[in-house]
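I've put the structures underneath this note.
Shared between the two complexes below is subunit A, which has subunit B as its partner in the first and subunit C in the second.
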Partner chain A sequence: MVVKVGRQKDLGSKKRAGLFGPTNLFGYFMILPAMSVLFFFFAYPLTFEIWTSLTDANLGNDAKFVGVDNYVKLFADPEFLTAAKNSVVYVSFVQAGKFILGLGIAILLHQKLVARGFWRAVVLVPYAMPGFVAFMVWKLIYNPDVGAMNIFLTKTGITDAPIAFLGDRTWAMASVIFATIWRGFPFWAIMFLAALQAVPKELYEAAAVDGANAWHRFRNISLPGIRPVILIVFMLSTINTINSFEAIWLTTAGGPSDATVILPVFAYKGLTTFQIGESAAAALSMVPIAIVIAIFLLNKLKKD
Partner chain B sequence: MAAVLALAIGGAGSISADAATKKPAAKPAAKKPAAKPAAKPAASQSADPAPVAATTPVQKEVAALNASGKKFTYWIGLIFSDIANSAAQDQIKSWGKARGIQVDPVLVNQNNTNAQVTAALAAGTMPDALDMGEALVLQLGAKNLLNIQPLIDEMVKVHGGFTAGAAPTDDKSFAGKGLSVPYGISGNLINRRLDLLKDAGAKTTAPKTWEELMEAGTKTMKVGGAGFALGNVGDAESVFRAQFVGYGGRLADDAGKKCTLDTPATRDFLGFVKKWYDKGAYATSAVTNDGGWDNNLYLGGKTVFIANPGSVYTTLLNGSAAWPKNPTLAKNTGFSALPGGPKARVAPANAAVRAIPITSKYPELAKDLIRYMMDTRNMQEYYEWAIYGPAFKGYGKFNFWDENVDPVHGGLYDLATNGTSASFPDTNNAAYAAFGGVFGMSKMVQRHLLDGDSADKTIKEAQAVCQALYDK
Partner chain C sequence: MQRTNFKFEVFKYSMLTLVAIFVLFPVYYMITLSLRSQSSLWSKSTLLPVDSNLDNYRAAFENTDFKRALLNSVIVCGTATLITILFSVMAAYSLVILKFKGRDTLGRIIIIAFLTPGALLFIPLAVIMANIGLSNSLQGLILVYLSFMVPLGTYLLIGFFRSLPPELEEAARIDGASRLQALWMVLLPLVAPGLVSVAIITFTGAYNELLYSLVINISPEMRTVPVAILNLSVADEVPWGRTMAFSSIAALPVMAIYFVGQRFVVEGLQTGSVKG
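The block that comes next holds the complex of A and B.
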């Protein structure tokens, strides 16, 4: 044991001494392509965007350093605050919806169903569809004049007059959330299904022998078994939803008024009006939220 | 129609609407083939670019471009006419072939031009030349666009001077003077369903005032009413702007520095919109972000009034990918100038222009291309299918401008020759252009109508945003 410890110490000191030794230099050389890609596609754009957010860049003028002025302005802008509030509502409900629907469908598809393979394929359709097509279809479905939803509601007498699902403040956010859930839940469902299939059957059999009912088996075997997948899917999907743009832009463009403006739409609008510095600040304002969520979930995963 | 569009900056009552009340002459269907014209139109035969000596700047740029192995890129402003879009593309290709260079004519949705230009500027990927609107010229300014005043002067000389719609782009007060060549004048005409108005017992004559139009809109609610957008789209902005000015409103003072939204005129304008919104004169789906919403509504027979620059009529006659020809609806459609308010009646005319980014490595080639595209025969081919009025007087000789031959082209010609600047009575500067993008009339109306903000609160917010932009 003593010898081993000594050798370990030696190894450790060699490691430090050889940080830039010929062997390690070769290692650095090997990771250079990946590091270059990361630099050009991640570090450079991010640094450039951070720099831009600290300037008054707009079309027609040279960018001048203004410090954190853009951020100060943003937090004093009622429309930004509305966008931030809308983002919280949008992301929370969309994620909750995807989780409930995704898990429910995964459990259903995990059962011995007739034509189970077919149903599993069908569930993937919304996710396989290009986002542009999916949201344009929802826009049509919600249309007050020719939309299927309103035709159904008025023909069945549920409502007397068509509802402007995307044009009425009361309905707009809920309608977009529903469409986003529809488009995104298959990813959750398939991931959960794969995780459920990896839970050893023996655990269920043993629990059944011990008299555990379906709820107990789900609560104490299935859920803990798929917990790491839930956390990973939750993290990836939340970051994706925070940055999502097409669902809102294609259906309401943030309207009516600012009822469905979320942060990415707010940032894009800044870009269309040439306020590049302010727009960059708005876009970056989403990053800390995503980082906090990622750290929180990664910590949970680590504990698991 | 000329009398109708003739400015009318005065009491609405003083406006003669005689020609506008006329049922448009049926357009001979045979005049326009439904199919795309031949790839190489006859017009192009004499419009081939003039040969250039090997030592000219153009030829030097040709050599440089070919040596680089790259393509000359042009962004064409997409319009609601597939044939006109193709004609523009074909002309650029013909020019490239004649010059012996590779070209890349890209069709750009004009709703996305601002975002695309912003991104391209940041990435250093601006095209060699492009189409845009006056507002973007102001935003880009001389720091981003090449001064091409000599080319503009040449065009003025060759094509007989500007029409009224294009003249403001060369006005000394226009901050974008010298930076672009206007090639088309666009603006809205009211399209109205004569048959539905008659069935509802409403007047079928051209409405002289907005009140009159909305009154007719409420009478025809069951069959669609007024198809004016209330959402975040350019159509809503242009109609609201005309109404706002009609009620005596203006964005800023004569100096173009102090925002003047907080006035009784703005309150009157908001009151007008709210009154008719509450009466249900607007379609249920009017709060939309779809720029084609009103067109589709009208083409589908689901509204009585829309404001449109002519694309709907062209579609009715020729059909499109989405809509079949509908000569019956075309026959039942009446056209007129935008109505007026109690204080004024305006015919806002926007100029579409061609410009060269300062970053273009081939400015002489870009000028050469613009010169080629502005050739009378090329413009004749383009205008016949486009929804633009003429930018130069010399283009006024084409027979399709005659309203008896084509009511929409007749209206566009009238707009180009008699219309007012779209910014009238405001000074067309960068702040004016920015307000349209950042807040605009549409958002002001939405705050009042949809968010339930009082007129005072709405105007206060709009005034603050506006003044901040003017202060910049």
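The block that comes next holds the complex of A and C.
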């Protein structure tokens, strides 16, 4: 889609301007502000973080180079291993849930509907709600004393005693996953809906003439038609979900004990106890996953 | 045939109603609880709106820390959004319209920055901001926010600039416009919907940001809204009515902007495929 940023046909492409030719200079001038931001607040911090992760930095000492000690310590730390495992569980279930709900609702919105615009606006509500508000509200809904979920379950007699959804190891992860799906699925639904609408109508008509039933039309026309969008949405959303600090921090803060600690929460807790070198190493341990996704995405986008 | 169609209609709209309840219930619950006192919550367990009054909202508007946080958020996100739009327009214009050496590499750097999870860099950013004396300041937070807003804005605007017909700039230049005139008078008006969508998406992105704000602006008078709401809770004790009233005040204006500008948001999401 967008990665090969330049156009095939460019202005001045016939001119062979040198590095400091007028077009070149103007181009550099225009991109300079954005690049300065990225240099000072992206490239430099990243380098600094990699360096820090190789030192014993904590509050008030001069950082000494310790090589890969932090990484060795990290991979022997049971809480880090739990955080890594939780991250995988959290991201997998959240993404599966968003995919199923997003696709289902997109298909629903793609039908002939009275007031489709209204229904689409309704579906957008969780996405429009600020994340920090959404997760505070879910924390309230799950509350054992005053939360809606428990009022509903006990009033209808489904359970006798209230359940501490966020305070009980059996429920905490599932509850957080559910709240994260609620907040994130609209993006998927809206993107899938747009993709479905872009599939040429003639294909369906031709298939109907050939006698294909609804499932075959979906399987052989809709699904291949929206495949590129599925891939892009999947990857962008995965990076965002790996990153979802607030979803965890505002609901369970990683608890009970370490049941819902994911990598960003682990790194944040490390920073608050001033284990800067180790926290940096923990944050950087998210990079391999992000790189795999990014390379995949860049290649995918280049092909289209 | 007629019968199955009718059944399908019923099925469709009952599913939509279920979706609407699923989606809207938390908003309903936030608002009804924002109107109740803590004692009412404990004494009456009901999902219906009872004991409604505006005390929690009155408390919010009398709370100087919260008003300060709202102001801080507006200043930080507003300023950062304006800077983001300026820098992103310049960068996207240069990457799509202009031809220069290393353009593809620079474009790729922007996309890599866009794809980097924010949680990766909060530690060095907090340390760097402390070292240059900008932690606990609104300026510091604005600078840090630019680190994710500029790549996001540029990524989105690249999509909008690429959707313009390639001959457009050329034609304007043949008519005697300079490059900047062509950008200002011909291209910018055409990507105006893109500017609106970038403004809404980056502003809300910054407004919702919790982690950077939490580690960089520690003192109470520099807090942004998310941190202020988080800090209403003391230990595990959450004053629910009050928290929900403050949350409603924080959320409803942003949600209103979102719905007024819905067309632009959806267009922006589709042009750029942002996040979720």
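As a working rule, the second predicted complex is superposed on the first by the 258 of 304 C-alpha atoms of A that agree within 3 Å, B and C clash if a C-alpha of one lies under 4 Å from a C-alpha of the other, contacts with A are read in each partner's own complex, and residues count from 1 in each chain.
Definition applied: a residue touches a chain if its C-beta (ideal position, glycine included) is under 8 Å from a C-beta of that chain, and two chains touch if they have at least 3 such contacts.
Only a predicted model underlies this, so the values are computations on that prediction, with no experimental measurement involved.
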Winner on subunit A touched-residue count between subunit B and subunit C: chain C
For A:Leu81, decide between first (touching subunit B), second (touching subunit C), both and neither. neither
Could you look at A:Ala214 and tell me whether it touches subunit B, subunit C, both or neither (first, second, both, neither)? neither
Tell me which partner A:Ala96 touches in the superposition: subunit B (first), subunit C (second), both or neither. neither
Check the residue A:Tyr268 against both partner chains and state whether it touches subunit B (first), subunit C (second), both, or neither. both
A:Pro33 in the overlay: touching subunit B, subunit C, both, or neither? Say first, second, both or neither. second
Touching A:Pro144, do we find subunit B (first), subunit C (second), both, or neither? first
Return first, second, both or neither, reflecting whether A:Met129 touches subunit B, subunit C, both chains, or no partner chain. second
Quick one: classify A:Ala174 as touching subunit B (first), subunit C (second), both or neither. neither
Give one of first, second, both or neither to describe whether A:Ile276 is in contact with subunit B, with subunit C, with both, or with none. both
Which residues form the common part of the subunit A surface touched by subunit B and by subunit C? 139, 143, 145-146, 268, 271, 276
Subunit B residues within the subunit A interface of the complex: 114-115, 117-119, 121-122, 139-141, 143-144, 230-232, 283-290, 297, 300, 302, 430, 434, 437-438, 443, 446-447, 450-451
Using the touch definition from the top, list the residues of subunit A that touch subunit B in their complex. 59-62, 139, 143-146, 161-162, 164, 166-169, 251-257, 259, 268, 271-276
If we count contacts the way the header does, which residues on subunit C are in touch with subunit A in the complex? 12, 15-16, 19-20, 22-27, 29-30, 33, 41-42, 45-47, 86-88, 90-91, 93-101, 103-104, 106-113, 115-128, 143-144, 146-147, 150-151, 154-155, 158-159, 162, 166, 169-170, 173, 179, 204, 207-208, 210-211, 214-215, 225-226, 229-230, 238, 240, 243-244, 247, 250-251, 254-255, 258-259, 262, 265-266, 269-270, 272-276
Taking the complex as given, what residues does subunit A use to touch subunit C? 1-7, 9-13, 17, 19, 23-24, 26-28, 30-31, 33-35, 37-38, 40-42, 44-46, 48-49, 52, 98, 105, 108, 111, 113, 119, 121-134, 136-141, 143, 145-146, 148, 151-152, 154-155, 182, 184-188, 190-191, 194, 229, 232-233, 236-237, 239-240, 242-243, 245-246, 249-250, 263-264, 267-268, 271, 276, 279-280, 283-284, 286-287, 290, 293-294, 297-298
